[in-house]
Every structure is written in C-alpha cells, then in structure tokens.
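Note that chain A is present in both complexes that follow, paired respectively with chain B and with chain C.
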Partner chain A sequence: MRTPRGLGLALLVAPAALWLGLLLVLPHVEIAILSVSERVAPRVYAFGLGNYREFFAEPLYWRTFARTAALSILVTALTLALAFPVALYVARVAKGRAKSLLFLLCLIPFWVSELVRTLGWMILLRETGVISAVLQRLGLASGPVELLYNDGAVVLGLVYGGLLFMVVPLVNALDSLDPSLVEAGHDLGGSRWTVLRRIVIPHAMPGIVAGSIVVFMLTVGNFATPVLLGGKNGLWFTEQIYAQFITRFNWPQGSAFGFLLLALSSAIVWAGLKLSGQPLGRTLRQGA
Partner chain B sequence: MTRPTLAFRLYVAAFYLFLFAPLATVAVFAFNASPFPAPPWRGFTLEWFVGTGAVFGRPGVLRDGAMLASIGNSLKVALPVAALAVALGTVNAFVLERAAFPGKRLIAMMMLWPLVIPGVILGISILAFFSRVANGLEAWLDRDLDFLRPGLGLVVLGQLSFILSLSTLIIAARLRRFDRALEEAAFDLGASRLRAFRTVTLPYLRPAMVGAGLVALLMSFENFNTTLMLVGSEPPLPVYMYGQMREGATPAVNAVSVLVMVAAGGLASLFALIVRPR
Partner chain C sequence: MESAPDLDLTAVTKRFGDHVAVDGVSFTVSPGEFFSILGPSGCGKTTLLRMIAGFEEPTAGEIRIRGRSVVGVPANRRPVNMVFQSLALFPMMSVGENISYGLRCHGVGKSEAAERTERMLERVGLPGFAERRVGTLSGGQRQRVAIARCLVLDPTLVLLDEPLGALDLKLREQMKVELKQIQATFGTTFVYITHDQSEALVMSDRVAVMNAGRFEQVAAPRALYHDPATRFVAGFVGETNQFVGEVLAPAFGTAAVRLPSGCVIEGMGVAEGPRAACFVRPEAIALADDPGALADLPNRFPGHVSAVLFDGANSALLIDAPDLGAPLRAALPQTGPLAGIGVGAPVVAGWTPEATRIFPA
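Up next is the complex of A and B:
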C-alpha cells in the first residue's frame, strides 16, 4: 500500500465522498433551502424569511427555544458538578482492580438504551411509583406524590443521561495528572481546596471542556427524555421540530427550527473549542 | 488526596446507587405479578416474558407479535448498518491515514461533523433530501421508489450517517499505529499488494474492525432520535417502546428491557474481550 494515486485514489475516496455528499452536505443544503421557502399558493413556494419571522412572532416557539438552551446549560453544569468528584475518586483515589471496576460500572448503564433508562425513572417517579410508595410507607406523605411531569424530572433524566459523557473525559484528563504536582502543592502549604482549584481543575480543563461540549449537544438534541419525563410540561425544542415535520407536515417551518437548533448547538461547540484551544478531533477523542 | 474523607466515600457510593437505581427498577418490575409496572410487589412471575396473555390480558414479550416484529425491524437495520460501517469505515481509515490529495484536511474534518450535529437534525435533513430525490426520480422514471420514502431503508442511511464517523475513527486509530515496515517486508518477500493487504494489514486491523462492528450494532439498536424521523410503518424496538411508554406501558416493556440489557451486556463484554487487550 504505497500512497494511492489516480483511479485507485478515486475509488478509495469514493465511499467517503458519497457518504459526506449524500448523507451530510446535500441534506443540509436541502433543509437550508426549505427553511427560506414560503408557501405562496398550494404547492407553490417562493424565497422568503417568513419561517424565521414566525419563530420570533410566536412566543411558544422562541420561549421553548430559550427554555431548551437555558435548561441545557443548567443540565451541563449539574452534570459536571456531580461527575467531577466521582471522576476524581476513580482517577486519583481508587487503585488497581477497584479502579477498573469503578470505571467500568460508570459505563454499564449507558450500554442500555435511553428508553430503558427513562422507563426506570418513570417507574421511580410517578404517582403510583416506587418513591411515592416509599414516602407513604415511611409516613412522610399522606397520599400519592407525583414527581413526574415537571422540570425537575426532566433535568434529573437529562443529567443522568449525560453523566457517562462527562465522567469518561474527566477520568481521562485526571489520570494524566502527575501525583508529585499535587504533593508539591500540599508541601507548599496549599489546603485541599487550594490544590484542587489551582492544580487539579486547571489540569482537568481539556476534559471539562470536552465533557461539557458533548453533554450540552446531547441534551439540546434530546427528544425522548423531556417528552416522557416532562409530559405536556416537557416543552423541548426538538419536539417542535418533530411536530412541524411529522405531525403538521410543515417542512419549511420545521427546517427553519432545525437550523436554529443546529446554530445553537454549533455555537456552543465552537465556543467550547475556542475556550480550550483544542481542535475538534482531539476533543471528541477525549471521550473515547 | 490519598485519604478520602468519609463524606467523599459516601458521595461516591450514593452516585453509584443513583447510576443503577433506574436499571434495577426496570429489571425488578419485569418479574412482578401485576398488570402495571408499579409497586406493590405481588409475587414473582415470568408471565411478562413467556405468558400467553391469559393472566393479565396482554401476552409476554416472547409471544407478543408486535414486540417481536419491532425487534426484527431493529435487527434488519442494525445488521446492514454494522456491515456497512465496518466496510466503509475501513476504506475511510485508509483515506485518512494513507492517502494524500488536495482537500484531505477538509474531508477529515467533515468526517467528524456528524458527531456534533443533533440526531434529530440528521434525521429531518435526510428525510427532506431523499423525499426531493424520490419526487424528482419518480416523475422522471414514472414509477414509485418506496425505498427512498420513510422506512427501514432510510433508517439505515440515517443511522449510517453518524455511525460511520465512529467506525472510521476506531479503525483509523488502529491503522495509525500500524508499522508499515511489516508491509514492506511482505513486498520484499514477493507478496503482491493484495496479498500483503490480506495477510498482513487486514489481520492487524481485525480487532478494531470487530470492535467497530459491535459499537455500530449497539448504536444502531439503541438509536432513537434519528430513527424516529425516518421511520415508516415498521417501528424498530426503541420507537415501538416509546409508543408504548407514552400510552402507559405494561411490564412487557420491562421484560423486553431486561432482554435488551442482557444482550447489550453480552455485546459489551464481547467488545471488552476482543478490543481492550492490545
């Protein structure tokens, strides 16, 4: 296999060109065109920004969008806060077999489908569910308690879904921290907190950024968790896209929504990459 | 940081409890002799796996035609996706690691894009584009082209759009560590290009190819977001489960979840056995 040239090169690149062309570039060109099409008469479309105007004119749409963005940022922050101590424990405290086991245990729940995990939370949280039954048994509640179908349930489900994608890059980043640096910090009189803030967290920054980017992206684009755990109060932007595309068959409007979501998600990914100064490839590999 | 405080240890323990609580709950209620997946515990049963429906009015998973059909649909999607992901991913790995041509950097970067595009958007964009292609071709050829309409074929393409990124990365990572002197040795010993590839390079790549195939199977089997947008009248398992869960699922959904957990656990162990020891 010397460096391929000519026909050989063309054949080698052909699958990638077909994949990227037919499944990535042209489909996105198609929704870009659709998103700036306005229906002027039955089956007749003309160029116009009406779909984007509609987004700003209808409070339900832009509020759902803003809500999705804000809750996704909250979910990302909570996921980071919950995962960091555990990653610290796995990477810096646990040793040998215990360490591999704890790391593996973090991965296992994510080999199972998102739908299964969400089903578990539904059985735990709903009015006739496990937590409600336990609270009544303990005498802490006098009747059934509905814990499902509110923002708390949605955030809980999304944080749970994001944990793996945060723990893995954090553990990878923290693993490479030289223990003598931490010791030196202590020897120089640094408290636990100072060492954490001045040495450990800066070292883990690439992992923090990689994890946050992936968790934000997956959260913003999630569909099943907010719909199933939030019910009518879920109000996630992907649901609006689904409604326009599948329920109302208004593809131009749905495409405009899709583009707005893509813009939000790409903006955050881009900002994260700028912040960390890392290329996309290395950031994505951090999680693998 | 070698002496963790008690609070730290308790936190880590609570975290793992939190991690496994929903899965344990799903599993436990698959065996509860009750028409609903809810407490109280009414005794152990396998009715939700093998029952005929005589006891609770709904059959167990293994006798539920619609549920079995949805598992079949998932396999009809996952097997071609995995096969294509491995075959095309291997070719892509050679593009990334061996080829040199203008625009390669752009291609290499674009191969990562599907991983940062929300699945719902991959789904709607492929749906819209292939509908336009189908409309155009049908008018031109004057015949129906159902495989370009929502259905399992389109689901395969939709899932492939991002799973191919993963398989390409996995296989390319291994190809990068390949010592090309081994190929040179094969050439020096008189092997043709094809023979050197078949007897030296391919066996070296095999663990990564198997690993990529298993990851692709798992990702395909569990994919929901992209699949939901492209599905026709034959729902794969996650879409079918979603429909059931919206209506208020019976423990049959728990039972199928247990089967999925066992299968995913098996695949993952296989992956760990084959890919991890390098």
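Up next is the complex of A and C:
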C-alpha cells in the first residue's frame, strides 16, 4: 500500500534518482563492463583484465597518470594558498557593500565559458601575445617569448579556474568565526601567526577540505585547459581517455582509464580527509 | 616611596568620526582592587575596556600599567588579559589547551605548561577537566575556564566584559560570589564592566558610574548608593523615586522643590537654576495607615495603595498620592500592621529631608 505521503516523497526523489541513475550509475555500469572486455577477434569480446594490464605495461599511460595526480595536488595547494588570504579579507576585513562587491568580482569571470577564459590566457601568454609584446617593448626580452605550452601555463590556467570554488567555501567557513575568538587569541599573547595557526585555520578546516576536494576533482577531470594551454606537452590523463574513445575507437581501453581516474581521485580525496581528520559529512555541509 | 598603581588612565579620549565614545576619562586602580565600571549600554564602557586591553588606541590621553605607558603596545604584549562577554573559549581546543594556549604563546615549555594548567584547574575547582571538550561544560564551568585562562598567565590586570550576562539568574548570583572569591584568593586586580548595578555593587571595592563617555562618580558601593554625586548616579544606581519641580527656598533641609501640584519636598543638596529633581529611596519611606501619623516628617503625603509588587525581600508598594503627580514606590513592610496591606487601602507616606537628594534638573 502506498500512502499519499509515500507518493509525494517518491515524486520528490524521482528527478534526483533519474538524474543519478541515467547519467551516473548506468554509464558507469556500462563502462565497468566495457573496461573488462578484451577484443579477441573483430566484433568479438571476452572477459579479461587486459585493458588494465595495458595501462601498467605502457609507461606513457601510467606516467601521464602520475603526472596528472601530482600536478593536481600542486594546483589544489596553490589554489588554497592564493584563495585563503582573499577569503580572509572578504570574510573578516571587508564590510557591507565592499564585501558583496569583492565576492561579485570573484564570481564575474565565471559568467564566461571556460573555453573563452582559457582563450584569454592564450592571448596573454602566446608568442605574439600581450605579455611577450610588453616584455619586448620594455627591452626585457630580445625576441618573442613563448609562455604557452608548458606545465607552468597549465598550472596557471587550472589554478585560475579553481579559485572561485576554493574562495566560496573558505569565505563561508571564515564568516562564521566569532571575532572575539581572534581577539582572545591575541589577548592571551598570541602573535598573528599563532592565532592563524591555532584558531583561524582549525576553524576554517571544514571549508579548506571542502574547497580542496572540489578543486582537486575539477582539476583532475579537466580537459580543455591542459589541452589548450599545454598543447602537446599537456599530457593530462583525460586526454588519454579522450584519445582512446574518440581517436582510436578503443572504448574498452578508454573505459579502463576512466575507472582508474575515478579510483585515483577517490583515493586521494580519502587520503586528504584522513590526513586532515575531517569527517566527510561535516565537509559536505560546509561546501553546500 | 609609593608603588605605581596597577592601572592609571589620564584624560583618555576616543572618537569615532564625530562621535565621542570616551570623553577625557581619568582614574587609577590600586593593586588587588576590584574596580567596576557601571553604565547603561552605549555609555562607552566597552570602548574604554578595549583601549585598556589594546584592541583600540585612544585618540588622546595616556594609559599606564604599573607606571609604564602601554599606548601603542599591541594587545599580545600587554600584561592584561580579558574575559570576553561571550567568554570566547576556543571550541577547537580542549579545556587544558585553552588554558595552556597563553602559556605556550609566552614561551613556556610543554611539560611545564601542562603542569601549571592542571594546578590552575584545581585552584578554580575543575580538577581533571583538562581533556574535556569546551562544548561539554556547563555555563558556570565555562566561566571558570575563561577566568583560569587569564589567571594562569599571572597578569597585572584582568579585564572582565560583562561575563555573567549570558547566565540565568540563579547561576549569576552564585557566580558573583565565586568571582569575588577567586579575585580575593588570587589577589589579582580586576576591572569589571557591567550595566547590572547589582553585579557592580556586590563585587566591587570601588565603582565608577559612566554616562555618555564620562565618569559621573567614582566611589565605594555604599557611598555611591547613599551619597550619589550627580543626578544621573542618583537615578541610575538602585531603586529610587524621582520628582521634578521648581526650586524653592528650603525650610528644613538645604534645598526644596515645589511640585506642579503646589506641595513642597524638602531635601539635601544644592539646587541652582529654576528647576530641580529630588530622589528618595523606597526603603527610606515610612508608611502609616492612620491619617494623623507621621506628623513630624516634613515630607508627608497621603494616598492609597495602587499595586502590591511582591518579590520576597524586595517587595514594594506603589502608592498613588495626588500631591506627587506620579506613583511613589515604597518598600513593603514585612512585619507589623502594614504587612498584609492590600490594593486600595489608604496610607500615609513620609520621609525625612536627610533621605532626600536634590540635584539641578
């Protein structure tokens, strides 16, 4: 028997359930099946772990994988280091209109598509770009300077893309810090650094973890920025997945890579939560 | 040679834009004294305390602690610690860490800090609480941790910003006594700000009454109550009746006031100018049910009881006396013929000129 209440709940949950089921669970089941299929003859597939073996056998694959992981952690750390002072200023120093305005300034770049923003960086960084021209005009460079297509450009673009997603949870977390706690920290003899380390950062920890998880996930799974700013040297793992699916039509191999990437980001997020001692539930509430 | 006072303020002024929050305040606090600053909200007492703590810099004037000027010295370098209104215990730390935080900031080693923390917890009656989370403490325990956190640093001065405000009445009464005891045991100088006159009167050695950025009077609680120096103090400290009228030549006291009804109140004080206010405490008013009684009191007004406000020892009667033009509040006699008086009963109220204070209005 279905009570009206049960029906109402079912209707409320239905969109979310359909969303998750059709766009997340179903493709992952499909990909899971594909990733353990080996082609034994044209159009004939059999169960086997060959796709995963291939990943470890080919150095390019697992090196790209490790590189993606390491650079993503670096990007997350840099984003945090850049966003923390900004968030601290927005949450603790700015008041009233200035506060809303600063928040809006952080938000405005995200009204533009990621592709356009990345293109903006290309206009700045390329050989015939703005920075190169300015350096030559100032006499600091004798010829055109190519700033694109290196790891620095990729990291720069990814940090830029992640900033907002770090600033928002940090501002949320820092906003709720009682100013008298900071004053008490100074009053009892703490220097600025001590107060930051023992009071402000522990208080902001849920926001730090939430922001870091979001930025890390977005970075690991990013495609456009490493391709456009890194070019051939980008070597982001998503490019490998793209190549398998689209260029080589090797869907089973691409599926295996997809699963490996999922495992990687899950493992690193789990390790991050363990290291910071934050329960996932609290972190999710902070991020919302 | 006399030692320097623990705290010495000279003509301290603080302006926020056009607003003068603290206006030329000077006072000294001796070692071991419990000094309170009493005033209504917005009178500038919090700003004054924050200047002593080092969170605000005075616009003008000098603040000395044990003879050394602290103007321009940041809060973390002053031998002054503050108990905040919200207590501001660090929720991310245990009770022990809250107390050892200051010691660690001052470069005390880990093991010594732990030992001193445990000893301090014992002295404030919380032995074995070091590992507890702040959130698990009761209101009274939180108070004691907040004070212990300051006292463990052995400061010259402890500043308290209405720390009892958040407690319920029963606990507040208990904490008043406890605070006074802690202060007496440690012998530390306390500067306490509050808008609650009972807190100030019960605990303090001396009380400063503050109004609109200035000190109206600095005196011991009894002197403040019985011998107010200004009209504001007379009206603000303790229950009182206030009547305003024209200044008249006195017949019995040193000043007299004619009320709009035409009758005259005789009292003590200097009444200059055309108008003056007179104040009389509810407990100074003598009551009688016989209309002919109290004939020897110059201030004598017949009326009837308009309300009985029973509150144990603080019980009062409101008396409607046509001559006074406003209800008169008198202490309800707990014994004698008037103990059971009810609403509507005729009564005569009277008081001596000595119990009446008159100030220019």
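The working rule: the second predicted complex is superposed on the first by the 250 of 288 C-alpha atoms of A that agree within 3 Å, B and C clash if a C-alpha of one lies under 4 Å from a C-alpha of the other, contacts with A are read in each partner's own complex, and residues count from 1 in each chain.
The rule is simple: a residue touches a chain if its C-beta (ideal position, glycine included) is under 8 Å from a C-beta of that chain, and two chains touch if they have at least 3 such contacts.
Values in this document were obtained by computation on a predicted structure and should not be read as measured data.
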Chain A as common anchor, with chain B and chain C clashing or fitting: fit
Contacts of A:A243 with chain B and chain C, given as first, second, both or neither: neither
Touched partner set for A:L74, first chain B, second chain C, both or neither: neither
Chain B versus chain C as contact partner of A:W19, first or second or both or neither: first
First (chain B), second (chain C), both or neither touched by A:S266: first
Contacts of A:I108 with chain B and chain C, given as first, second, both or neither: first
Chain B versus chain C as contact partner of A:T194, first or second or both or neither: second
First, second, both or neither for A:D178, with chain B first and chain C second: second
Partner contacting more residues of chain A (chain B vs chain C): B
Distance of closest approach, chain C and chain B, by C-alpha atoms in Å: 9
Intersection of chain A interface sets (partners chain B, chain C): none
Footprint of chain C on chain A - complex, ascending: 178, 180-181, 183-191, 194, 198-199, 202-203
In the complex with chain A, residue positions of chain C that touch it: 53-55, 74-77, 80-82, 84-86, 88, 90-93, 101-102, 105-106, 149-150, 153
Sites on chain A touched by chain B in the complex: 1, 3-4, 9, 12-13, 15-17, 19-20, 22-31, 34, 82, 85-86, 88-89, 92-93, 102, 105-109, 111-124, 126, 128-130, 133, 160, 163, 182, 192, 195, 213, 217, 220-224, 227-228, 238, 241-242, 245-246, 251, 254-255, 258, 261-262, 265-266, 269, 280-281, 284-285, 288
Touching residues (chain side chain B, partner chain A) in the complex: 1-2, 4, 8, 11-12, 15-16, 18-26, 29, 36-40, 88, 91-92, 94-95, 98-101, 107-122, 124-130, 132, 157-158, 160-161, 164, 169-170, 173, 180, 183, 193, 196-197, 201, 218, 221-222, 224-225, 228-229, 237-238, 241-242, 245-246, 249, 253-254, 257, 260-261, 264-265, 267-268
